[in-house]
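Structures for review follow.
The following pair of complexes shares a single chain, chain A, combined with chain B in the former and chain C in the latter.
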Partner chain A sequence: MSRLGKKFRLPQAFDQAVPGQYWMLPCRFVNLDDNRYVLTNEVGEHLVVTRPQLEQFVRKTVSFHGDFYHDLKSKHFLIDDDSNVAVDLLALKYRTKAQQISQFTALHLFVVSLRCDYTCQYCQVSRQTDDKLAYDMSQETADRALEFVFRSPSPAIKIEFQGGEPLLNFPLIQYVVDQAKRINENHDKNIQFVITTNLSLLTDDILSFCLAHDICLSTSLDGPQDLHNLNRPRPGRNGYQLTVEGIRKAQAVLGRDKVGALMTTTEASLPRVREIIDTYLSLGMDAIFLRALSPYGFAVKTGQAYKYDVDRWFEFYKEGLNYVLEINRQGYPFVELYASMIINKIFSPFGTGYVDLQSPSGMAISAIVYNYDGDIYASDEARMLAEMGDKKFRLGSVHHDSYEDVILSDTVLDTLEATLSESLPMCNDCGFLPYCGTEPVYHHATQGDAVGHKATSGFCSKNMKIFRYLFTLLEDDPEARKILLSWVRP
Partner chain B sequence: MIYLHSKNNTAHGEISHQRPFISKVITNSNLPFPLRASYALRWHGSTEALPQGFGLVLISSGKACPDRDAGNGLTNIVRLAPELDYLKEHDVIKFQPADCGINVLYRHEANSNAFLVTERCNSFCIMCSQPPRDINDHYLVDDMLEALPLIHSETHEICITGGEPTLWGDDFIQMIRASETHLPRTSLHILSNGRNFKNLDLAIKVAAVKHHDLMIGIPLYADYSQLHDYIVQADNAFDDTLRGILNLKRCRVPVEIRVVIHRENYHRLPQLAEFITRNLLFVDHVALMGLEIRGFAKSNLDAIWIDPYDYRNELAEAIDTLARSRMRVSLYNHPLCVIPEPVRRFAVKSISDWKNDFLNECQNCNSKQECGGFFSSNLTKTSDHIKAL
Partner chain C sequence: MIKGADAHHVDLSFDNNVFTLETIKRALYRFADRCSFDVESADKQTKVTLHVPANIAEPGIDELCSRIRNEVLDQDLRDSISRETANIRTLILANAFSNTGLIES
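Let's look at the complex of A and B:
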């Protein structure tokens, strides 16, 4: 190999590090399989390493000028005497990840009516009644809730209308949209609206209102006709048909990217993940969120939440994710949203807006719920829990409490403290921590404690399985890696 | 190749200039008399009737000329060297009365105009195309400041390069300020190794100029300190440069990262791309660049040359990583035919027109229009895989 000219010095001349002398920066590891470990640092950078590599790293015997040494250094797992800018960069990265905390709360859910035309077996909250006054949000309540919305420091605000079936109280939606836009003239926030609806009451007038105000629609679609109708009974048994027609109509008027759908998984869904995905595909959707059934409300009462355990659900999820990858391999870009959020946490320097994958939990600081009667909840799950008689996560009322009272309430502060993964038993030592989160309401509901015992937690066990599966794909299946990486949206 | 300097010009009659004369080239021979002394007239008319009173009259190399020594009373007539015949309206030149040399400071037709403002540098990169010289060259700063007011106001972009321009301290700031004052619609591109911006004060001063369209291009050659420091032959350069970038971005000054690829760093290119997306996602542009075989790159060529074809996989992976993170990426100085097809769309024709050339093979190429081709200096050493597309 040729040498540089005489004026130039060799690489060693610029190396101030001493072989075998380096400092480990804060990091964690967790086994991936029998031979490999996932090593992660405080800001979510990772390396997959073998057992001998891990031992070398810890014993400080990593070969001084090997690629592994440089990888560890470049990804800020170690620091040596040659350079200390890593500390500045880590501080910056940590701030970037945590930035959203200073910009709480982005998502505001308005439960504009508890009434619903469906009688879903797992639904936690809805009511069948014509008594508008009892279960619809009033203008006064909405006005007070809007005051809370605009107190939030977040530069971007999303208002999501929920139910029950929110279109049963459409006049109030119109009122809130108009009022919010008017108030925003003095705030200049980036403001967006979403209506979460079963679409059965969708009319042309509603669609033109959505079009005029750039409102997105989100609906529920559980899969093929028989499954959807089984999960979501409606007098007349035409729920599936109404939903599909509604989706098509809304897509035609608002555009495909303005119409989303969410699925709920039940016992009956488990063997049918491919059909469920096919239903989404045939409707021209570009993504699906394969969700687990939450253990609240009527779902608990009817025993639904425990009918299938994490292992069975994970088989369902894995089959679904594999099918989604297969669809991508066939040249059609299609995203599984839970995997996508995790992949984004792995590969982007930013945090996520998804409440359940944040530390501290995004309850109240990422999303907050204004119930029809003005009660404020830390999350939708918290509201469902309250419907079951447990008001632990009720934060107050727009009618009786000030914004400061609510945001600085013991409930919020205690929950934040109880959901800092970095200080939770087991999470604190877990290599997956940077990609994970906490679900205080879930742990409270299933284990009687917001912190929870992760060794027996369904949330932890579900996430661990998914993390391991995703990392294995990333490491061992180059084609899958390419597809998963295409989901990164920094 | 276009020459920006020549001493092969000849004076006819007397030269009245005692010191270097920086002026704008014009073609209007009817210019009011009081203005003429500050302009260089590009004269295509008869040499029998040469206009009077101009700072310089430039006539083409092929023209018959009045007798050089005749005491015909003519002053400041210069017959151009053939390689400078291209000089046109709006160009700006520096004339050296001592040897009749002409430096072209600004070409109106050029796709970019660079001002080399010093040859001094605090680094000593192994592939530097402009080897540092420790000389007192402050006149380069004065030249630029004098030329700026003469440059056409619709010029798209000018560039400040070196050496290391920040070594001038307050004069560096003055050059940015003057660029903004005299060329309020022209972008300013500065090439610096970024190390001096580790002092936040300098970054603050740059930001305080409030230049309307400024970009500082800063090289980062590796994802860890030892390799970068070796390539730039300076201890702590990696840390200084990174702190410099952070300081500039803290002051909201646009920054471009420039990566020259060669044998010493190509194998870490994917990791460098990842490092950039994790740590420097906020920079405004990333340019991946092929070697320009001049200066040290030429004398060290055997040690640092790698056929771009041999790093095409690393290159494609790096570009993928950067583009996936929504960073603006460009690939400079790479012939299209050696770049993997999926990343060809990132290739930019970046070589300044005056030093841009093509090979014989290129004459049959369907992509020649889109291809950046070669540095003139690189024609002797090109990839073994140049093949008409």
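Let's look at the complex of A and C:
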């Protein structure tokens, strides 16, 4: 960690601007298409420029009087003798962006049971068993995990209950919610609770508890009935019916904004993105997250992760995003969440809490996972990898390690240092860097190295395609731009 | 990984007065998913031999070569930017973290 601890010199140690010239400020670029480039700077401001403009800028031949000069100056790509203040402003903006690093950890995942009533082909972790003792989290483990939760400096804490199927251990959820609220009387943090559930065990009592404690529900919905049931088999083959009934019931009791759904993409989903989105619309949902199949766990073992490549997935994504824009054009506000996160990174001064799009890596900074047995993982993906026998990202155990041991463990610190995109080959001069992330667990799982080789990385290739597509829409399609900008949070 | 008996070999050369070896290597790195390289630097020129798989996907070898040449030009611009902005980048970071105790006293 010695490099991170290196001290900076005082500002006076550097030369100031000389009149009559301009100086470039730190920036990066990447080609958008054959004619245009995306130019970005340290704080995520961007300009789309032509190749001749880029050359002019770097060769210092931009006319002082033109619009291009004005754009470069106002977006902090250059300073001249009357704009030294830009350095302070950039520093302030950079600090705002970096703030999340000191405010760790916001998301705490409690894996309250590995048991599940489904037998999904791509599930990495669940167990089909009635043996509660073997795969349910105990109160003692939950107590220790809560101690970790309240050591986090983050003023806002989200506790998410995961599984398996967490409702199979609902008494423990009740216990954790009650305990967390009690402990918080001395901490005054903003606490939110989420249960990630397939909803098949949802009862009126559970809903009353959720209502009383302002708990959100997040479920899985993969699309129309046949697709959902194919992806998520359940004895009785009634998963879709139970999920849809559960969503409607929960919406009625808790309100629409308290019930979300996530989809998983499989090979069978690829030709059906419109139907998938229609399913969400028919349930009154206002957003969808078009996700790629993760390369971890059983998804790899069953060959699913390699069945379609990035290009095929991107066609699926593009068709889906275009359809979402079409729905918005017809006057129905509906959001694609991955695009929305990127758009927020492009246009909002605040970073996104989304673990995959962070540098350094969001692991342990944005999210931390307490497994049913008390083992602690850096992310949900790290837990899935461990289920396959690779415990590289296991950080310790709530039973044997202290909070300091875990947060300052070599696994966390080495990964943070190794995943600062600013120092990674190819990322360090990529114009998309301010909006991208590093995903160490993905690169470890697919390339055997947490840093990863970006030229051959599926993560990089997927993000490059999405960034290029979004910037092209922002530049060339005013109507799409208006819709995308409406997704920026105030 | 791609080099093999039935691979295509193509030579490209770059003027050492215009492009540094570092610039060329950085540019080539981005194409590691499509071909492998041998790089030989002589007095005046750097010779790059591309080993392209026989079954290269569209848009083909000519297009690949022209993309590599453009990327070397882009990389050269990037190197100019980072050379010129190295000091100011440090200054911005110093300002950003000025009340964190990381500044030398």
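Everything below uses one rule, namely that the second predicted complex is superposed on the first by the 469 of 490 C-alpha atoms of A that agree within 3 Å, B and C clash if a C-alpha of one lies under 4 Å from a C-alpha of the other, contacts with A are read in each partner's own complex, and residues count from 1 in each chain.
The rule we apply is simple: a contact is a pair of C-beta atoms (placed from the backbone, for glycine too) under 8 Å apart; a residue touches a chain by one contact, two chains touch by 3 or more.
Every value quoted in this text rests on a predicted model; they were computed, and no experiment measured them.
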Checklist entry - Touch check for A:Val488: first (chain B), second (chain C), both, or neither? => result first
Next on the checklist: Quick check on the superposed pair: does A:Arg468 touch chain B, chain C, both, or neither? Answer first, second, both or neither.
Outcome noted: neither
Checklist entry - With the two structures laid over each other on chain A, which partner does A:Leu92 touch: chain B (first), chain C (second), both, or neither? => result both
Checklist entry - Taking the superposition as given, does A:Met426 touch the first partner, chain B, the second, chain C, both, or neither? => result second
Checklist entry - In the superposed arrangement, which partner chain does A:His70 touch: chain B (first), chain C (second), both, or neither? => result first
Checklist entry - Of the two partner chains, chain B (first) and chain C (second), which one does A:Lys392 touch, if any: first, second, both, or neither? => result neither
Checklist entry - Looking at the overlay, does A:Ser83 come into contact with chain B only (first), chain C only (second), both, or neither? => result first
Next on the checklist: According to the stated criteria, A:Arg256 is in contact with first (chain B), second (chain C), both, or neither; which is it?
Outcome noted: neither
Item to check | chain A positions touched by chain B in one structure and by chain C in the second | outcome: 5, 7-11, 14-15, 88, 92
Checklist outcome for this item: Interface with chain A, chain C side, in the complex: residues 26, 29-33, 74-75, 77-78, 80-82, 84-85, 87-98, 102-104
Item to check | Complex interface listing, chain B residues touching chain A | outcome: 124, 126, 223-227, 229-230, 233-236, 238-239, 242-243, 246, 268, 271, 274-275, 277-279, 281, 296, 299-300, 302-304, 324-326
Checklist entry - How about chain A: which of its residues touch chain B in the complex? => result 1-5, 7-11, 13-17, 45, 65, 70-71, 73-75, 82-85, 88-89, 92-93, 348-349, 485-486, 488-490
Checklist entry - Which positions of chain A touch chain C when the two form their complex? => result 5, 7-11, 14-15, 23-29, 31, 42, 54-55, 58, 87-88, 90-92, 94-95, 98, 425-426, 429, 453, 455-456, 461
